[in-house]
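Next come two complexes, and both contain chain A; in the first it sits with chain B, in the second with chain C.
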Partner chain A sequence: MLESGSIVPYDGNGNGASQENHSGSLSSGYMVRHGFLRTPRIQISWGTGNHLLVSYLPYSEEQNEAGKIMQVQLGPADEEGQDGLESRRLAASSLSFFIELQSRKRHYADGSLEAGSTSIWWENVLKYSRDISKMLGSSRRPISHYRSDTTKASKTSAIMRAIWDMLEIFYVDKDAEAWFPERLVDWVVTHGPVLSKKDSSLTCKLVDIKWRLATRQFPEEESDYWDGMASALAVGWFDFVVTFLRMHGSYRHDQIDKRQTENGLVEAVAVLVSKMPRLRPSLPAASPGVTYSFKPEFAKEWERWRIQVTKLDRSSFWNECYNQKTIHGLKKLLAILQGNVEVLAGSTSHWLELLTAQYLHVRPFAVATEGLVALASTCKELKRTSTSEELEELILAIFGDNTEVVIAKCVTLFEPWMMAHMIELLTAKSVHVENLLRKERDVHGGISLEELYRLSYAQSLASHPLTWQLAPVYLAACPGQGLGMLQTLVLKLPLEDERGLALKALDLCRIYDLQGIAASICRKVGVHSWKHGRIGAGIVWLQRAGDKRLLSALSDQLLASVSAGSTWGHVQTFEQIQGLVELLGMEFQATDGLSILHRYRNFKSAMQNIWDLRSKDADRQKLNGAGRQAVDCLFELLKTGITPKRLWISILHDTVELLEWPAQVLLNAGETNTLLNSLQDLRLTKLWNGVDNLELSGPNVDRVRLALATNLGRSFLQT
Partner chain B sequence: MGELIRLEAGVEHTSWNSSRTKMAAGMSDGSVHIYEPLKGTNSDYSCSNRWKAHEVAVAKLVWAPSEYGDVIACCSKDGTMSIWEEIEDAEKRDVWQLCARFADTKAPVLDLQFANCASGLKLVAAGADAHLRVYEATDVLELKHWQLQAEFANAADVREKLERVSCTDASVCWRPATDPIQQQVFVVGFQTDSPQHSIAKVWEFGEAHQRWHLVAELSSPEHDYGRINHVSWAPNIGRPYELIAVSSSNSLSIWSMDIPSGPGQRPAVKLLGYFTDHQPGEVVQAEWDMSGMTLASAGADGVVRLWQSNLKGRWEEKSRVVGS
Partner chain C sequence: MAAAKMESWRIADDRYVDAVRWLPSVSPYHAPFMAVGLWDYDRKKTVMELCSIEQDEQSSLPITEVHHSFFLPSRVTEMKTSLLPSGKSMVVASSRTGDISVLLVSEVVGAQSSPTPVICAALHKGEVSGLDLEPSSQDCVTVGEDGKINVVKVTQSQLQPKCLFDNSGLMSFSAVCWASSAEFVTGSVGSTLQWWDQRRPDGPVSQSPAKWANFTGGINCIDVHPSRKHLCVVGGSEGSVYAWDLRWQQAPIPLNGRALQNGRGHILGDSLIGSEVWEVKYDPLLQLAGHMTETGKIPPVMMCSEDGILAVLDSGETFELLSEDCAINTFDIHPESSSNVICGLEFQGFVYLRRST
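Here is the complex of A and B:
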């Protein structure tokens, strides 16, 4: 069964996954209404997670028709039409329980479970199971969904919870083996509604009777009254039976004298029901019955109680009761209490109710699964019900401990969430199941089923921007291929425009030690920022990536912008360049572009210092020192021979101020000659290609030339 | 679920970027349209940019790895190829500018694919002469200059090399990497009348000899594989073997290829599935999901079929998307 089963729930054959997009009917798969008369060309692409993007393009001869791209969400879609709100709630709520159990598992494996926590593994799983069950019980999915249509039901939290609880009884809770019939009663009480359609559900039937008969003076006149009570008694809803019995008309003050015997019989039955021995550790508050944990003691009490039931059944008081409906009704209740199979069959509607009644009234001493499948099959034959066949097969497989079928059915019926989480229940106490689920198999290169289902669930989480962050937790629990999928997931995140998302992704890389991916993220954001005008951010991210090659290319571009007259792209002012050069830092000085940028920045800073000192009226000595420092920076910049010549004219223009320094000559004859040679070089080599906006003849250049000549003369005179 | 983008008339090819936030459409008038969601939404796609990239219809479009920014390469039906990138202009608008135009290729380009290799951004182009040309950007930031690094025939031996072949279409796919740096391995398939040249071949760059060499041929005698429409290499998140899907005029075939244990070793290739389910048989494209567990194939019949391996390792159709 398992070998042919679907491994990732895209199977359109199962009730769960079959769906339609827009409208239309398709027995298997997904239907997309593209609206083209002639079959269009198709191009496909996978979106994030389980989204498939299908381009429908008309053929070129149909030029007037426009194509469209449809998004198909594969796997079980959310029925409630709230864009998967409930599935997301489920995913978010169950995460902490999963993490806690995995943490306990690690501690359990290395024997370091903290003091006070249980050392028996299945008890840890039991706690996990109950937490999840409680969470499933708080589902806000509209109840009408699972009542009105059982084919859609498989995906609802109600059915998931019902199956979850049943798995807990059979696969986790070892203590439940001792009081199995009562566990079955509790299950039917809680999950009865998922078994039937709305109108035929026992719960609905009883609630309806209660509302209808509550105001009647003599409800015992109605056949519903007795039938309802018989059904409730059969499946063990004793509180309902006792309450209803005491609504009997003979309890009325005006009736008590006339119907004393009748009332006595009713009360006797009510007392017997209230005193019924129950083999279970405890009962919910206000529930009738007397509990026993010790089986021999229960057996003794149950025999004694049965004798009382028989005694009442054979009592002569019945002859003194004249209300035939009461006699008939009470006798039916007593027959149930005595385990009359025919009456039990007549009083139940679903085969699981009949099975529960059989265990409660006929085989109260039965242990766990003894003969369960055979009895269940008999009950099933007796009761034809409307529960989906897949669900019934699943329940029978759980009864029969047929784990392979349980897995195969759950894959078909439920969303990937169920598979990823229920594996813990299945493996809680059975070595056989553990081998089945945790052994590496010949699938996708040798991963276990447990891992396969976690990967599948993580992929479905990746489909939504609000749940992708949960996926790494499940991927981390996949020793084989989890890390690979996590890397793929992070690399596909749309980080470029989202700084917050990039930081989250980096955080993930830190937690899961993905250094290569972290560098890639930083490069992505850095390059995107750089190319979209956020130059400072680009530098910071690329430094974070530690990518020398990119930083070098980036500083070369920055230099090119400076040498083109600082008018490139987004860098407009020297202050901007200065800030960017600061950001680039010193560690990459080995690259030419960055080295020149640093020297240019130093020269400009020295010039700025002179202007600052002048504005503050600083003393002459200080000013001369600053001037000399600027000259030093100038020659640092020019002597390397790597400063692009197109940058020289703007540098020489800045130098005029130094050449015309009052009262003192800052540049000596040799230095001035070097600058003159530079200017001559520019003219001779005619390297002005690409910098047409700078002119070699004009007042600016003339001024430079004049300043140089004047300074040369002054320097001669000074020496 | 439902309609994501309504395109304009005349779309020849569509291509999504790796994070599926932008979609490029190549048009029959030679222009390229970029679609992206409105800021702050995941849906509401609209055309954010459009420009004339070629004189004739754009045949194919591909996105570069996002580490190089928003960059696309496109080839037109006249066989020319161009590379474009998105930058912000002085008025703070996102504009697409031409990085490079490859007008001097020896044969019309039929398909092209980028790869982020250790040495930088590479681009492989499959020509109509059944030759492959591998280019590399000389600058990692400025994608204006491209150097032809290798040019070789898609031929297994000298006899094949000497054969003069004319191809009508081609498909190239690099081996996807889970880490950001890609190994220099790709699969290519040409659409031609020559049976020998119609076999999908896997090429790898050998660091030792600094040249491209043929690693595997995806062919087996028991089936006729028809004319290749598309090749797709599955992402590998931890499998000890690789998976490649080949879509052709009559079938979809799924191949496994062992990862070679050492240089110079020829990996074992095995046919895992051969399917002729698409009616009338033509499969135009097949794409793998992010885990490499599910393959979606698009048929000329307008149906998308989803394939998965069962627990015995046998590939089966699991579901389908039918349009109406």
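Here is the complex of A and C:
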């Protein structure tokens, strides 16, 4: 053990002064004192997080042999790493969106929406969905403490965001039905990389080409220039196509060959691409195309544009162009614009990309999800992908509005976070799904699926010391078992480790109205403080808990230590206790068990007062007044049932001075008799109950007897 | 009035922020520097970092740039900083295992080779619950739940700890603050304030009345006014913030709390903040702006709470500066440029606040 205040060398590992052992799977063992056991015991219980507590309580004749408790870390110590960080970040940042949506939901249910706000529920959910999607997208932390990105964690969160956005398209956004093909295009542009396991997705390929060719003088001479452009055009990267077409070598002025015609053709295709009519409310900045949101108008324009494409395809200028590569490439682009399925299939790699290309170039008028599943399976056949991964199955289930499968897949694919939050998306507009998720089921103990997923998420939060405070919010949204679990959570907190934690827990109890739990927290902390020698804190906490039984046990111990010399702890001086009593104040007196201490303090200070006055040679009048006061305090103390009998002897012993009061009788005959009766009472108690620890003989008791008898005589004489 | 104009930014950090304090700066041209006590759960380590707040080149948002970092024995419970006459700054952090770590940092933090903390071990049994640094004498006072009061003399070459008072746990201290180079105020778990004098180590010089109106729970934090030494302000449970004037000891003045009362004891109604108050500090910014004219008035006080509110209490009014969705556990006002405020959040880092004067 380190000596108090010693300076220890700094070792740079944070182990300078602590006895904690950070390494290995066995960590921080500590000792515990326990009562007498007949047989040695081993106990195993759950600790916090991934720890198992193994306690060994040995059999011992001597009580001072301590039991030992070891914490065993289950699983590898660093199993969380990046995943843990990422899911913690997710949990903390999604909280406010969840709270906001829940409060909107309550308002919505009450029908108390303020004027001007939206009255359509799915629009609320859409806002929530967009917020969370944005949050998922801003995944990278600005602080550079942890290098190593593109890990499993970031991959998972990318997949999560992809599925989240897709759920939004199909389950939340009613407006999306009108321009569904374009939504799909946007989705593939944003989430393309998650589709393939290796980094070989179309998006990656195109990004690679973009970087490689951007600095070339004649990019068309590269082999993948035209292929890349065809792919980009197929899946809707129009800005990429237009930019790269205009980088074509024929635009350069300093050329020997005559390339004007060639250049004219390239420019014509570029113009056609940038003039393509799109059925969507708006386009992202710098993206080519002309938007239409009114369908008949779009149809008209699209027809006219298509005619222009065909015209160019059949124009005679092709014969005047001598660069076969360019002709071939441009023709391919035109074929894509005309919706040639074979070329589309050749230019895409994943079936979902092909599906998107189909919608974009072949059936731009498709309404919502009509025939989507059929088309998707056609695309799969074209791409010859027979086996599909879990993620693809999930996407197909979303396409097919197969909610049960969606739920089942998400449960296996994602963390509990996803389930707890995506329920809101699924139930946004479909009554059928709402029935599915919100119906209470007996199989799940009378709770709905929605609640089940929230509970399991809350459980995963509660098990971690950095996230447990998030759990109550989700538990509060669980009408069935939320409250019970919240109580368990608060009760199981490791309060002993940290002063602030108990206060935080009490604050939770205040918010969720858990008075009973609050009392037991106070009791726990109180007993812990008391057992660790912090009497004052113990009393304060036990008072807060309102536990009279423990308080009187504590005061008994405290009193015993004062009255009968110290057998416990370091508390020896009465002055310290006096200070404590003063500090604790009036409430302290009101508490049953502690009132003895208060009265005893009053008696003692009255006696002290007498001694003080005596040493100052105060006048007799004053001294007598003080003496009388002490007698009053004495009888307060001896009122029936307040002071335990074992303390009487020592109190009576203090009384001798009052009994032998010079020149005046302080206690009258009646009072003296009461004291005599008390002494008799003690004797009887000893006789009847066979109490051994009462010392009723010896010079001290004799002195008390003598003083009492003398005083009785004096009082008779005086009256 | 109080929150006329301000900007705030969140600075993310994946570790738990136990304490954050500004380092006093020598020149106003430097970026603000701070000392942070962090708990790195994933590595099960406590880290102290000295970092500056810089502007990110891409996003032009404030970010932290770490200059030095150290591992500490166990989690930080309280941290204080002070400027030494030599121009160096001193950082003292107390821990859950009863130690304090002292660090001397030279004027330009980034420019020097890494300083090494000195650890003074086993000052208390259990955690050090309160700590304060005296700016002129560099004495460091620590209090603990074990009922001890220690004064550690910090000299250029060594630490000299001295146990000033020990009540063997009969009373647990929860907070401490220097009032002058010899006097300090302590707060106890039983909600009592005591005024101590180093020259009279056998007991407190004076103490607050035993019964505080509506004051349940304990005292979490204390601050003594830098120029009006008789005025201290405390924060505790259920949103209670009280001022205690040594000249009128019997009547603590409620500034915020469950039932805020006016001078004649009438209840003014529920206050905005009802949870634990984790930190209180006199707000120098508003005092500079000329709010010191009324003599009987309590100067404006800034506080942060468990329900995520950072607010300034001034003349019976509450001005909310921040309302976060998680607890604000600690904050600090920059000693020189008091428009800079930094807060430590329960989840994911800090909030940096810049107020305009």
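In this text, the second predicted complex is superposed on the first by the 472 of 719 C-alpha atoms of A that agree within 3 Å, B and C clash if a C-alpha of one lies under 4 Å from a C-alpha of the other, contacts with A are read in each partner's own complex, and residues count from 1 in each chain.
We take it that a residue touches a chain if its C-beta (ideal position, glycine included) is under 8 Å from a C-beta of that chain, and two chains touch if they have at least 3 such contacts.
Predicted model only: the values in this text are computed from it and were never measured.
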item: Which of chain B and chain C A:S430 touches, first, second, both or neither; value: neither
item: Touched partner set for A:P465, first chain B, second chain C, both or neither; value: both
item: Chain A residues touched by each partner, larger count belonging to chain B or chain C; value: B
item: Touched partner set for A:N673, first chain B, second chain C, both or neither; value: neither
item: Touching partner for A:N700 - first (chain B), second (chain C), both, neither; value: neither
item: Touched partner set for A:G533, first chain B, second chain C, both or neither; value: both
item: Touched partner set for A:G445, first chain B, second chain C, both or neither; value: first
item: Which superposed partner A:L483 touches (first chain B, second chain C, both, neither); value: first
item: Touching partner for A:L85 - first (chain B), second (chain C), both, neither; value: second
item: Common ground on chain A, meaning residues reached by chain C in one complex and by chain B in the other; value: 2-8, 10, 12-13, 17, 22, 77, 465, 532-533, 569-570
item: Chain A residues within the chain C interface of the complex; value: 1-10, 12-20, 22, 77-78, 80-81, 84-85, 88-89, 92-93, 95-96, 99, 141-143, 145-146, 465-467, 469-470, 497-500, 503-504, 506-507, 510-511, 529, 532-537, 539-541, 544, 569-571, 576-577, 579-580, 582-587
item: Of chain A, residues touching chain B in the complex; value: 2-8, 10-13, 17, 21-22, 24, 26, 28-34, 36, 39-58, 60, 63-74, 77, 441-447, 449, 455-456, 459, 462, 465, 480-481, 483-485, 487-489, 491-496, 516-517, 519-520, 523-524, 527-528, 530-533, 549-550, 553-554, 557, 569-570
item: Of all residues in chain B, those that touch chain A in their complex; value: 1-16, 18-21, 23, 28, 42, 66-70, 85-88, 90, 92, 94, 139-142, 178-181, 235-241, 284-294, 296, 298-302, 304, 306, 308-313, 318-324
item: Of all residues in chain C, those that touch chain A in their complex; value: 11-14, 16, 41-42, 44-47, 56, 59, 61, 63-64, 66, 70-74, 95-97, 99, 101, 116-123, 125-127, 129, 145-147, 150, 152, 158-159, 161-163, 167-172, 174, 188-192, 203, 207, 209-211, 216-218, 220, 237-238, 274-276, 278, 306-307, 325-327, 329, 346-348
